[in-house]
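Should a chain be cited, it is by its letter among A, B, C, D and E, assigned in written order, with residues numbered from 1 in that chain.
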């Protein structure tokens, strides 16, 4: 197993290099640069000063050289300094990523619980009215653009009924400690979590449903019934476990999503997450930040892929990685 | 725990064989689809949305993009059924024109996704070896890079290419397509790999058929169902993605409307509170279109994949 | 037959509701299984033999319905039992073995767990006792190194071993009846011989009744005490094994026996039954075999034959055996 | 004797097993390990064996549907595995194959007429105008009807599909056909029909068959010669009557004795082999059958028995035979 | 099946109704105060007519709340804390490196400079007083003897020198450009990367509290350039080595200055918490010891900032968009003061003077006349921004005499006539041609931008009517800037924020940053007037020069002048002391120390 993981890691190096090249090209070839983005319209700033700054930031070097410098530093563990935040990229990411993480992690848990429940019952009651209602609800939930759903919820629950706060992550001016702080954050999380869960629940529920329907037809489920086991034992112990196998990949692929932040939702709910920061960094051409972070997510995605296969091997005794 | 009487697998019977009608897998899928009232309803709704968007404007008393700033923000009335917007334009007409764009974006983006995704998946799955490695690694890389940054910068890069501004909408479709083909290509590839294991593919080799024939006559028709299903769902995804792009200011250019653009231009609490006619119509239009497409996609999945059915 | 029947199928009708229409998978099947007896239900695909067995277990798919008839097991009408009573029956009083040993075991659970499950469920063993017993069972079905195998996963075992595990599960609660649905079809000849041997041995040791479903007349000849031949969802012939093989009375049974090549016979040409196995959709109201029957008579295409019994209890549903039908 | 149509010498087909950090080949599944035989024109050779014996791989390697590891396959004196791709394609119509699974061997989305006719068009053996006629001819010859041309596979029963598979091979006017378990998935009453059809066609068209099967009763019916395979090697090879009347290899004897015979009066003393077929990835040393052989001795564990001619072309690979 | 069909439709219907219902209901709920306040009802009831009637005068200045008692309970409970809502600061809290206006607000709380801008835009003494030598080239600063940083250490000339040196460091990568101050020896210091030169010739420490700076040339803006913020060297420059600014950047989030507040806590993207500086060194108006102990800057968004005021989560919102909707809402709430002031800047359409078509002043004037700027501005601001005809803000002392200015009110015929005169004749296809060349203009627009959303449809319609083939493309801001830098555009909408001084060098001088990079407009007369204005230190004389300049620019229209809009701060009426204390040059942070909380 260890050997398998090491091999997969080694194999992923070309992919990471490829990703880094594409990331680098995508961002550097995008029109404009940090100087133009920041000072393009500053009528006081002279062209000379702009060129000086480009020189200082190394933006006027040829692309291959810039790439070599960037990657060279990254290999040494240095992701560079964010132009916008004037501090190391890793610090910036570290500051914001965990805020995104708690949001996404909560959504992940809710989404999987709900999808499992919905999927199981739909699978057992395939084509019943219940199944169709659930299907319809799921489709409705996933059929609005995220910003619209977010604003709608904000308007209903924060502006009209004032059940939830108007965004942000904690109450300002009321210092909460310990449990009170956690409760405060949870209260602030409610709306973004609902938004993201509604949007993401659709796909997963369908997968769950399909997977369960597939498994429930298998011979070993019939065997389990033939053994006279209770229905819930058959469903949870025999069917669900197997239905989850193909979903492991899905789960592992969602892991990078835990760290990448939900750009639009964070923006609408003024959530201090990494998504908002990246969006800003893209628009401001904060190359070290946006390239470093994108590379980080890419690596996570690739690791997620490996993790998916490893988990698969752990969960499914038929798959043994050597 | 489905137990089927075995011979059901072969519904062929002498008496039946003599009947004249050709029962192609497509036709039987279509028959199954027709039985799905859910999907049929969705289909009718979708047709309605198409008619509304493409034929509707001919029945509108208002002219395209007629601006009358002093008539801004009129609530619904007999004159303007859904009121007017910020520039005094008739919302009904805007809704129709926006529908054209949104539906077109969905269809065209999906077309590109299908084109790239299927080509890559087919080639990778069929030839295997280093072609497979390179293509799939590339897909991995594309997959690993977050979508939104790609979209933003792709859009910016492409807008540098002196693209006629009026046709920038096609650029958006193209970009959406270019960054979303990976899922489909993986799907197609895995399908091809499993088809290659089937004896009929072994047979094509034994018969000495050319690669072209193997791909186009044998593999492609068998992946068409998943292409149709994922394509259908892709249309819905593209419509939603376009609206999110509009929210970020990367979608269509005013005065060209899209439903997403209409929605996002009413994205403040005041419009939400005071001028529901600005956001409810495009919101509902997106909602029912996307739901319809998803329901149809779901229905197609059931119809085209009889394994999922009883 | 002095002994009381353990299982009695009485005019069983099972239907499937499919897109293509209503499939009468089983229509009017009646026969008995006595304690300790081996009854082979033989027939080709679509004959309804598996559906008959699954009707007894009440493990039919959602779209299936038993529309008529009774199945008496040990004095109770199985079809009238409540779900929890039915559960007590399954695995406990009736064990079942399926055709595909590859897919019939849950791939993510060890075989030990899968053997233990019914023991814990029905016989209230503790986990530890159940495990001990599971090891005994594994040994009993002839697998060496039972202590290791108990913790193995199904995929680590060969097809033959898996089928032995299935037998161990079926036997675990010492049932009165074992249903074996094509238990050796998927296995190699040499393994098939092992499994049949094992089944025979266990059956005689445990004195359990065996309902063996198969399409292989060779297996029938080797295993059966009593044979039930099914065709098109109905029983066309039944009788003691010697009777049926020596003196097949239904043209279908006769054809089957003749069509099968037999080692050592070296026929110049095989006998064939013309036409196709009928689809269970749109079965005719007359004899289902009439379209393929070499002896077909006008009456065969008019009416489904009654069942005729001869002195030995050999039953056949064919107009040829009506009084004076054949000269 | 007739002219030689097919000559297989020292055929080996190995499938690599990869493992470790760099996916190095750590071993091979020796699916076919050094087999040789000659098939004269017009005769039928059956290859019989259980799963894992390599019989299917033999068939596929002969047609170069699988790459050969060593040895050669000569069809009418031409080494199949040395041909260029286009040369091979030209030769293909002469050597055809009928597959085991009537469900997966036909493209579900292609009319059977098209499926039968496409190779004709591809090889220029028919024009667009006369292809239909030729296909219909093949259909009729295979016991179907001309009207079946426009049907799809799902409208046929298993037996009819197998007839379509035969028609597809037949229409190319082959000289040699490999029949890979053509009846094992069929009902008894249909099996007989197909076997008779194959026998008839052989006579009408002067075909040469390589018949692959696990069912000795079927093999006995159709073959002229029989080769028994065990774990990738031929253990016994003889004329049909010779083999069935005087089986010399303990494995052949066991196979014959294990086959159930539909005669309840026949009470045989059966040879029941112990244990399972070993894995071809790790075959036993010495005689491959020694682990299950009731007569095995020390020598069998060490020494590999060679095929020996026991007279009259009856070859057997056993130290104690004769 | 039928049932599910029915349900599908009913659900959609219910949903639609629910959404519609919400929309209506919120009309009431969003103005919960209306029934307690009679006066506030009228704007709400009449807003339809009002919104459609063009406003002659905007309700400028400081408007008091009508119902001050309606302050929400949440706000009332905060007896010693002020919460100010604004866009998030980035956390770069050193004057050298900050880049956003919101970081700058933080800086004004914590730091003080040698001089500062007064309410009218002039530079007045703060930490220091100064005298200028007769040749106008040497500035001697006398630091207030009492001045000390919040850690109690006194402000010294060494701190000032250090503050200059960081700006002049060869590796300085902040936005400020100290080279324009032309300090003697500064260029040499900056050019020396090896660290050999450690002093700048033109910066001389005279004694502990006195420092003199000598510049190369007389310039009206020198004082503005030199009156920088002073940072403690003992804190920021402990181990300062020329060329290594990293240690300083590490302190970005932990500022230490001499200002009235100290930064207590910074939670990125959420809040900045301040406390009154216990060691604040003076207490004379307008610089007083803070009266309210705690101030918090809270990160808010445009979507919800008004609602936050409404619920009492904030006491003050910086930068609420000025439009009729927002004004109505604020008035309806009743307990909010608003300070609405003209923005010190304006919106314009940049023209690319490399395009020969646009080099013709008649064409440019035609583009002015031919565009219904009033409608576009109205649509964007709901009538709450002024259309302008000169590139100068009305709040500046440099704003020209309005008499004699050309008024470019929308006049299609006049525009057509001007184009005819310029030689652009109408063709049969509805477009104008000159020498076979079609009159084509290409507009690059940044997106998202509400002005473009309103402007583009109108411009398209107007210019089409004039026979101009007008195409517009909307793109990301950077892409637009990039196109403009490359000269691949004809027109682009932009806005400019002006400094305290009316000098328009950057925009119109042929060497000016923005002009050189984007417009490439060159007119010797303009250059001459701008240079003249900069050399003149006397304000009255400068005013005359600029009067001439702006009249000339009014006629030349090198760029299309669009509008001057308003800025608005909205303030809970529980805060007292902002009235009259905020001007376009003088932001709320100046007034904050003097503000008190009205207790309930």
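Brief remarks on what is shown
The criterion applied here is as follows: a residue touches a chain if its C-beta (ideal position, glycine included) is under 8 Å from a C-beta of that chain, and two chains touch if they have at least 3 such contacts.
In this text the structure is predicted, and so the values were computed from the model without any measurement.
Counting only chains that touch, the fewest steps needed to get from chain B to chain D is 1.
If you compare A-C with A-E, the chain pair joined by more contacting C-beta pairs is A-E. The geometric centre of chain B is 44 Å away from that of chain E, both derived from CA atoms. Chain A and chain B have CA centres that are 24 Å apart.
Averaging C-alpha coordinates per chain places the centre of chain C 32 Å away from that of chain D. Note on chain placement: the centre of chain C and the centre of chain E lie 87 Å apart, centres being C-alpha means.
Across the assembly, chain B contributes residues 1-3, 7, 10-13, 16, 38, 152, 156, 159-160, 248, 264, 267, 269, 272-273, 279, 283, 287, 291 that each touch 2 or more other chains. Within chain D, the positions touching two or more other chains are listed as 157-158, 160.
For chain E, residues that reach two or more other chains under the stated contact definition are 4, 8, 15, 19, 22, 26, 30, 303-304, 307, 476, 478-479, 482-483.
Of all residues in chain B, those touching chain D in their complex are 7, 9-13, 16-18, 22-26, 28, 198-200, 202-203, 205-210, 213, 217-218, 221-222, 224.
Of all residues in chain A, only 14-15, 18-19, 22-23, 26-27, 29-32, 132, 135-136, 139-140, 142-148, 151-152, 154-155, 159, 202, 206, 210, 213, 216-217, 221-222, 225, 260, 263-264, 278-279, 282-283, 290, 294, 297-299, 301-302, 305 touch chain B in the complex they form.
Within the complex formed with chain C, the chain A residues making contact are 126, 218-220, 222-230, 233, 237-238, 241-242, 245, 315-318. Contact residues on chain D toward chain C in their complex (touch as defined above): 50-51, 157-160, 187-193, 195-196, 199, 214-218, 220-221, 241, 244, 254-266, 270, 272-273, 276-277, 292. Of all residues in chain E, those touching chain A in their complex are 3-4, 7-8, 11, 15, 19, 22, 25-26, 29-30, 78, 81, 83, 88, 90-92, 97, 99, 171-173, 175, 177, 179-180, 249-250, 252-253, 267-271, 294, 296, 298-301, 303-304, 307-308, 311, 313-314, 476-479, 481-483, 485, 494-496, 499, 504-507, 512-514, 516-517.
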